[in-house]
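Chain nomenclature is as follows: A, B, C, D, E and F, assigned in order of appearance, with residue numbering initiated at 1 for each chain independently.
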Amino acid sequence: MSSGQGVRRRPIAQLQAGERVEDQVYRLAAKDLRTTSNGSLYIHAVIADATGQMTARLWQASQELYDSIPEGGLLHFRGRVENYKGSRQFIIDAVRQVEPGSYDPADFLPATSQDVDTLWEEVKELLRGIRHRELLNLVGKFVNDPQFVADFKRAPAAVQLHHAYVGGLVEHTRNLLRLARVVCPLYPQISPDLVLAGIFLHDVGKVRELRYQTNFEYTNEGQLIGHIVQCVLWVHDKCRQIEQESGQPFPAEVEMALKHIILSHHGKYEFGSPRLPATGEAIMVHYLDNLDAKLAMVREAIAADTDPASDWTGYLKALESRVFKPNVISGRRPGPQTD
Amino acid sequence: MSSGQGVRRRPIAQLQAGERVEDQVYRLAAKDLRTTSNGSLYIHAVIADATGQMTARLWQASQELYDSIPEGGLLHFRGRVENYKGSRQFIIDAVRQVEPGSYDPADFLPATSQDVDTLWEEVKELLRGIRHRELLNLVGKFVNDPQFVADFKRAPAAVQLHHAYVGGLVEHTRNLLRLARVVCPLYPQISPDLVLAGIFLHDVGKVRELRYQTNFEYTNEGQLIGHIVQCVLWVHDKCRQIEQESGQPFPAEVEMALKHIILSHHGKYEFGSPRLPATGEAIMVHYLDNLDAKLAMVREAIAADTDPASDWTGYLKALESRVFKPNVISGRRPGPQTD
Amino acid sequence: MSSGQGVRRRPIAQLQAGERVEDQVYRLAAKDLRTTSNGSLYIHAVIADATGQMTARLWQASQELYDSIPEGGLLHFRGRVENYKGSRQFIIDAVRQVEPGSYDPADFLPATSQDVDTLWEEVKELLRGIRHRELLNLVGKFVNDPQFVADFKRAPAAVQLHHAYVGGLVEHTRNLLRLARVVCPLYPQISPDLVLAGIFLHDVGKVRELRYQTNFEYTNEGQLIGHIVQCVLWVHDKCRQIEQESGQPFPAEVEMALKHIILSHHGKYEFGSPRLPATGEAIMVHYLDNLDAKLAMVREAIAADTDPASDWTGYLKALESRVFKPNVISGRRPGPQTD
Amino acid sequence: MSSGQGVRRRPIAQLQAGERVEDQVYRLAAKDLRTTSNGSLYIHAVIADATGQMTARLWQASQELYDSIPEGGLLHFRGRVENYKGSRQFIIDAVRQVEPGSYDPADFLPATSQDVDTLWEEVKELLRGIRHRELLNLVGKFVNDPQFVADFKRAPAAVQLHHAYVGGLVEHTRNLLRLARVVCPLYPQISPDLVLAGIFLHDVGKVRELRYQTNFEYTNEGQLIGHIVQCVLWVHDKCRQIEQESGQPFPAEVEMALKHIILSHHGKYEFGSPRLPATGEAIMVHYLDNLDAKLAMVREAIAADTDPASDWTGYLKALESRVFKPNVISGRRPGPQTD
Amino acid sequence: MSSGQGVRRRPIAQLQAGERVEDQVYRLAAKDLRTTSNGSLYIHAVIADATGQMTARLWQASQELYDSIPEGGLLHFRGRVENYKGSRQFIIDAVRQVEPGSYDPADFLPATSQDVDTLWEEVKELLRGIRHRELLNLVGKFVNDPQFVADFKRAPAAVQLHHAYVGGLVEHTRNLLRLARVVCPLYPQISPDLVLAGIFLHDVGKVRELRYQTNFEYTNEGQLIGHIVQCVLWVHDKCRQIEQESGQPFPAEVEMALKHIILSHHGKYEFGSPRLPATGEAIMVHYLDNLDAKLAMVREAIAADTDPASDWTGYLKALESRVFKPNVISGRRPGPQTD
Amino acid sequence: MSSGQGVRRRPIAQLQAGERVEDQVYRLAAKDLRTTSNGSLYIHAVIADATGQMTARLWQASQELYDSIPEGGLLHFRGRVENYKGSRQFIIDAVRQVEPGSYDPADFLPATSQDVDTLWEEVKELLRGIRHRELLNLVGKFVNDPQFVADFKRAPAAVQLHHAYVGGLVEHTRNLLRLARVVCPLYPQISPDLVLAGIFLHDVGKVRELRYQTNFEYTNEGQLIGHIVQCVLWVHDKCRQIEQESGQPFPAEVEMALKHIILSHHGKYEFGSPRLPATGEAIMVHYLDNLDAKLAMVREAIAADTDPASDWTGYLKALESRVFKPNVISGRRPGPQTD
């Protein structure tokens, strides 16, 4: 066990300009070897943990030192926090390797600001609103699977588009279930049971499609099969399992309608849905999913924006637009942010 | 005043097989001259009023009689209701012309099944939730304009896609405001005031884009300018009017953000939006609008479907799909319907 | 048992102008009530069986007679074959109902001109070329399932695009396996085992996607799930079954690569593939499938063409073109054909 | 007033290799800190004024000096012009800050090579060809507004596609009016009055859509509303103003047809036009606008090209092509150009 | 020679209501057998010649008579012109066959209202503006080829989109040359010689792509090769011919630039251009061609419109819009027209 | 003749770590001036010949030395091969210029690993299968033209998509002819003669479209006309030549069908085909061409891949996907490769 474990943890989001840091572990998110005006070398870096990231500099560097630092890996840092052009900047005095196994790299990945246990409890609470016995049974096959729950609570909702952080999937799912709870009563012809089950299950394939232990990336199966079909296969297996356990056939049309929601929830062929929504429930899941995802993109783009001089974020491909940052009602404009 | 006025009105939706009809005014929605197996001519027609439509036949017809009946016009009908292959069918014994001016053709157009006054009251009630003074003032310029209110309560939401009936616009608007009321609290970063005002105003241009007195069609201005830009012009004029009355400038950024919601609410250039949503509020209005419109298409397609032998409606271009009709949870399948 | 059974069967393709037909069962593929120049009614119809179709007329008809004949149903026909403007035409003297159950409507659907048992034997022979033990085992789960084999030998390859006839799927599959046998040796980096198994399994979902007993149409599941995902689910189930029987895990990467071939074989998102080909084997299956399907469309369009005056067939949407009929090498032009 | 003002102005386009420059103000269009082969630092820069731009180098630089020079700002330069590989290059001996307010940054933006006053006079002269009284009146509301005229004469026609320089809008407008004058007589069914007014007004929104004082960029309103709708709103306001002044309604169909020209002049939804051209006049404005814009892109791409070794410019996204530079009739190829 | 030849020709455009027609040859553009209210049959037809078309009726018809009249063929007509609901209608008393060879069916095809010889003279006059010797020589190879000239003067510019009438190609070409003459001087960097030659030659392939003797249709080569490549091949052959005759190479870059204009003049790949315009001359030919073609569509759509009750023509696919008919400047609306 | 010629040639693919290289000529494919950790400069380079490429470093460099080395040019290299992180790396001790004319730069371009003479012999052998006399004659006009054969054997099949190396065109053509030989017998309705001739000729335009002496790039004619039309023109000229020599017309429909294959072989307008395949032969050439090209892309992407840690290559635009590298049947994964 590394001695670093005994040190009080200073999350990056809480570091103050002027503060000294004696021994903290962060992730080296990026590194770059540069030359100063007098010809000496320095490393320009980005350090990160679950709470955020910060620019860092290590003066008097060498090519050898630079090569010895693993990009993406964890390191012990000693140094101080300066104020540079209005932003915090970490001046690295020394780094040393982290003893293998002493830290979980996943703790240094971006993570939801919300408590995942609370999110998960709310998800379960909202799912209890399902009255259809078999659908509730099916949902239970996932909710009561400890491995699934552990994965589901860690998985991001995407690699980079929205909710792309540890816990993002459970947060996104909770949001959608909340939406469904208030929207379904306005459309009596829609079955809330199918919508609730569809929302919970529509993205569970991401638990398998993505790897999210030390970084976010697609698994081979994620790329060759895709989370939509992985999800349908998973639901399929659970239905068969229920049939075996109960000795009763799972209602075929219910299973079919649920799979249809999953298969069509991207809403367009070019987004990887092999079917287009053909039921009210599929349409509702598709639009609620989009609403929450797009609003998350807006919120995240504004939060990540680093140019206080502009009223606009950079271009977001998924929106085919930049995002306008000011709140015109309150007159509030996003304040200065560190780069 | 036509003598027909004294007769008790028998809405088409209430006519029973076996019932005799002595003198009722309906709209002749369609007509066709056909030949029977013995060579005589008969007219195959569709009669309609605000409550629905029914197949009708007039035996022993002639080309002259056929030519004398105006398609789309109103007529007095005498006849009886038969049962034909499980559906109601009207056997016309006689028709006679309606005295000009004695009936309002609009009363025989398809109309919302809900009470427009009640819908309008709810719209007004929901709009009272706007707290921003100038936005509330702007909305008031429409709400307190009797001519606008009269038109708004009559206008359909579209010529044929969804809510394509008298009162459809106020019904669709009410639905969206209801959605906003329950959805906005889930997204604190979104301004509910802009969303409510944006929803109310995003389609008011349809009052001018469409003609909906005796049938539904686009006005010239509707086709050359489009309801989106008409709507922005209307909001623009009202803002100027407020400025003149108050002597104060209307907050420029609020006006701009509101116009942006209107301009971008179709969400795609190819659907006639000259801008794409670039604020959270614009994104929310766009998706809520789509959600309600698409669910209305599903509901209307199932309601209009006339083939009980199929589990599917016909193809809907806007959904790029047919709609699956059965309710798989209840096991209920849409029952037999008249053609 | 109907007396018609004792009558020698006269396939439509073999009927000669001048021939009398005393009692033959055909399918009434289409019907239309028309008026002659002297005002009397006649029925213009199309009669069909597995070998082809022919225009037919029934003089001295009535509306009642017309109504009593079920479009798409089977009837006993009496009449004669005439020559009309260079084409054969059936003059109906009398029709009578077919005793329910005495004939299989499927026998009167369009069917492959080849022998399905021979096709199936060749398919099995070609599949024996698979050397990978588990893949061979998996293929065997289908080949040795009598219900599957019966369905597979009957299913069309599509509802209307290509090989849209009874036995079309086995014929198309045989063609693809033949192609693979000669093409694979030219590309040593490609696994012939994956290609052969992928070809055999890529379309088996059509057995479930389509109904093809009395006519060709999609099942509900076919429309909501689609044959591509149905196919993957089926393969998935068989892999699980093999695992249960053998107690050994099915090689995960082989299963994944096979599913990928199936999921991507349409080659484009807008054709319903949720994945695009990302392996050499998937690319090969995609192009061989297209090659055989498109050449079948050309052959079928020329065969079905009824206008000898033109060198071109009608427009084929799938080719975005009409097809040029003449064989420019032989100088042969498609001869006169009956309408 | 800076002493620099007394120095004779040496436009960049006129600088000769070998010339010494004692004190000239240029815009620092770009800067880059680089290392020489002996390890010392130098700045690689681009200097610019309204007449063109040139590569520049400052030897013996430091990070501090580099940081102190504002990219995009104005500076006094001392140095000399060298010949480097056949191109001119500015060797900077010294730079010093410009006294705030002593120079107008706009004078150093790229500008039309033509005289804007002459262009504007020709625009006014061509607009006098409008015979329709109200259209002429409407045009006059803009032509006689000094603030509008000042802006219109400065505005570029675009941020970067074509005529992207100070005065570009008036130059492009003049070109279009000239085109209309010669083309309209060939199409008698087209109203030249609508075409002339439509051309003049179709892009006036750019005066508000763009900022073009010290650099070219979109205003917030430009991005949220777009110049097309801004333009329609402006025309709308002027029509209302005319009505107020005259007490007469502005002819509604003329206003509508004019707005339609503006709304549809991009010709495609995906280029931001919410309507497609539906009148002969709108079609004519659309094609003439494209003709002049595309020919300007060709001319500007060839002028900006810096590779005399190639017969082709770089790829132009708007043309989906590179441009072939040689004049094949004269045999003339674009000569060597400075980078 | 048929006796009909001695009769004074009465063009359809000049027939007056009330006029008797003793013996006139027209084309039977369409025919339909219908039943009157008393059960007797009549033929509803459309008769046509180069000047226009008119509805016609033949009472007391029979199936045999109906069958004996060739649709699309020429007939002698006897009858009278009536006024029916405000439109002219031809009442046919008798028809008789036209002696084969006595009339040229082409004389009864739609034709330009202009004099083709005059158009052709103007084309030649405009082409004399080419100063480049070889280009002039190349153009002369076509202009001086009597067979080409005869075909060029007859060919339509398209089968149905625009200028789809005999002489349409020469009319469209004349228009484009006129445009080039006035537009080229505004763009000095463009070679007028290439533009003039490019315009003349860009569509000559249509002479071979289309058949236009008795109706308008594509030739086999037109469909398999396309007029764009046919045109390039033709120019290619003429260049080779010039080289053989002169013993001098044709300037390769001029030939290449000219072929490029032809290949790219449709401006988009999906319209069949294998190259996109990459020179100023190609861009100019592309936009002028579109301008004239689209304005012709507008003019022809308004002229062909038969619904005086609407301000809009039907939908035009090439414009993706309907056309607004009124002239808002003059206030003139298209008058009532015969159907 | 340079003394280097006497040195035994060491192809890059055969260089071993630890080996000394005294005097070898390679192409300097790329160069980059970098700074070491102690501030001195070094050159990071890539050296290449026909067999492959390797990273190289030259320590103690200067800007002057760097500037004196021509990127893309040939140099004599002295140095040694090291092992660096598992990959070979060339340490350059000295370079000197190559005497002009002493080496052919083309020998250092990427080249097919197969023997072009053998490929060409096989092409000729396969073409002898053509039985149609005129087609064989036409093919002979190319096969017997020494200049054509020399070019054809050198040309790459593309600039970068697939078979982008010297000899790539003959290799790709050989592959297609092999495919045709085995596939044609499965489709008796297809003319193998047209397919064989079409395959051989479909890409011969690339001989003229591309320049491939010292690097791969498009000729001006290649860019303005395109290899598809160049190819048609070439075939056209050869047909005319045959006609002149034989005094017989070349069969027009055969020529037309062959040109159609060439024009349509890209299969889509947006890929530059001005026609879409409308004959069975054109469809076959299109799909076989795609099959071989796409499989080559897969093979080349895997071969060029430099990241052994990933199971995926980089993204391939033409496949719209990355490629999965492992052979799942053999379990073999692509081994470590030099960067």
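As a working rule, contacts are C-beta pairs under 8 Å (C-beta built on N, C-alpha and C of every residue); 3 or more make two chains touch, one makes a residue touch a chain.
Because the structure is predicted, anything quoted here is derived from the model rather than measured.
Trainee: Could you run down the chains that neighbour chain A and chain D together?
Mentor: Joint contacts, listed by label: B, F.
Trainee: Using the touch definition from the top, how many steps at minimum link chain B to chain F?
Mentor: So the least number of steps between the two chains is 2.
Trainee: Taking A-F as the reference interface, which entry in A-B, D-E or A-D shares over half of its contact pairs by residue number?
Mentor: A-D
Trainee: What chain lies farthest away from chain A once each centre is taken as the mean of the Cα atoms?
Mentor: Centre of mass proxy via C-alpha means gives E as farthest from chain A.
Trainee: How many angstrom between the C-alpha centroids of chain F and chain E?
Mentor: Each chain reduced to its C-alpha mean, chain E and chain F end up 48 Å apart.
Trainee: At what distance in angstrom does the C-alpha mean of chain F lie from that of chain C?
Mentor: About 42 Å separates the centre of chain C from that of chain F.
Trainee: Check each residue of chain B and list the ones that touch at least two other chains.
Mentor: 35, 39, 220, 223-224, 253, 256-257, 260, 278-279, 322, 324
Trainee: Among all the chains shown, which pairs meet the touch rule set out at the top?
Mentor: Applying the touch rule to all chain pairs gives A-B, A-C, A-D, A-F, B-C, B-D, B-E, C-E, C-F, D-E, D-F, E-F.
Trainee: Can you check the complex and tell me which residues of chain D touch chain A?
Mentor: For this pair, the touching residues of chain D are 35, 39-41, 61-66, 220, 223-224.
Trainee: Sort out for me which residues of chain D touch chain E in the complex.
Mentor: Residues of chain D touching chain E: 132, 175, 178-179, 182-183, 186-187, 189-191, 193-194, 251, 253-254, 256-257, 260, 276-280, 283-284, 287-288, 290-291, 294-295, 298-299, 319-324, 326-331.
Trainee: Going by the contact rule set out above, which residues of chain B touch chain D in the complex?
Mentor: Residues in contact with chain D: 220-221, 223-226, 228-229, 232-233, 236-237, 240, 253, 256-257, 259-260, 263, 269-275, 278-279.
Trainee: If you look only at chain C, which of its residues touch chain E in the complex?
Mentor: Interface residues on chain C, with respect to chain E: 35-39, 311-312, 322, 324.
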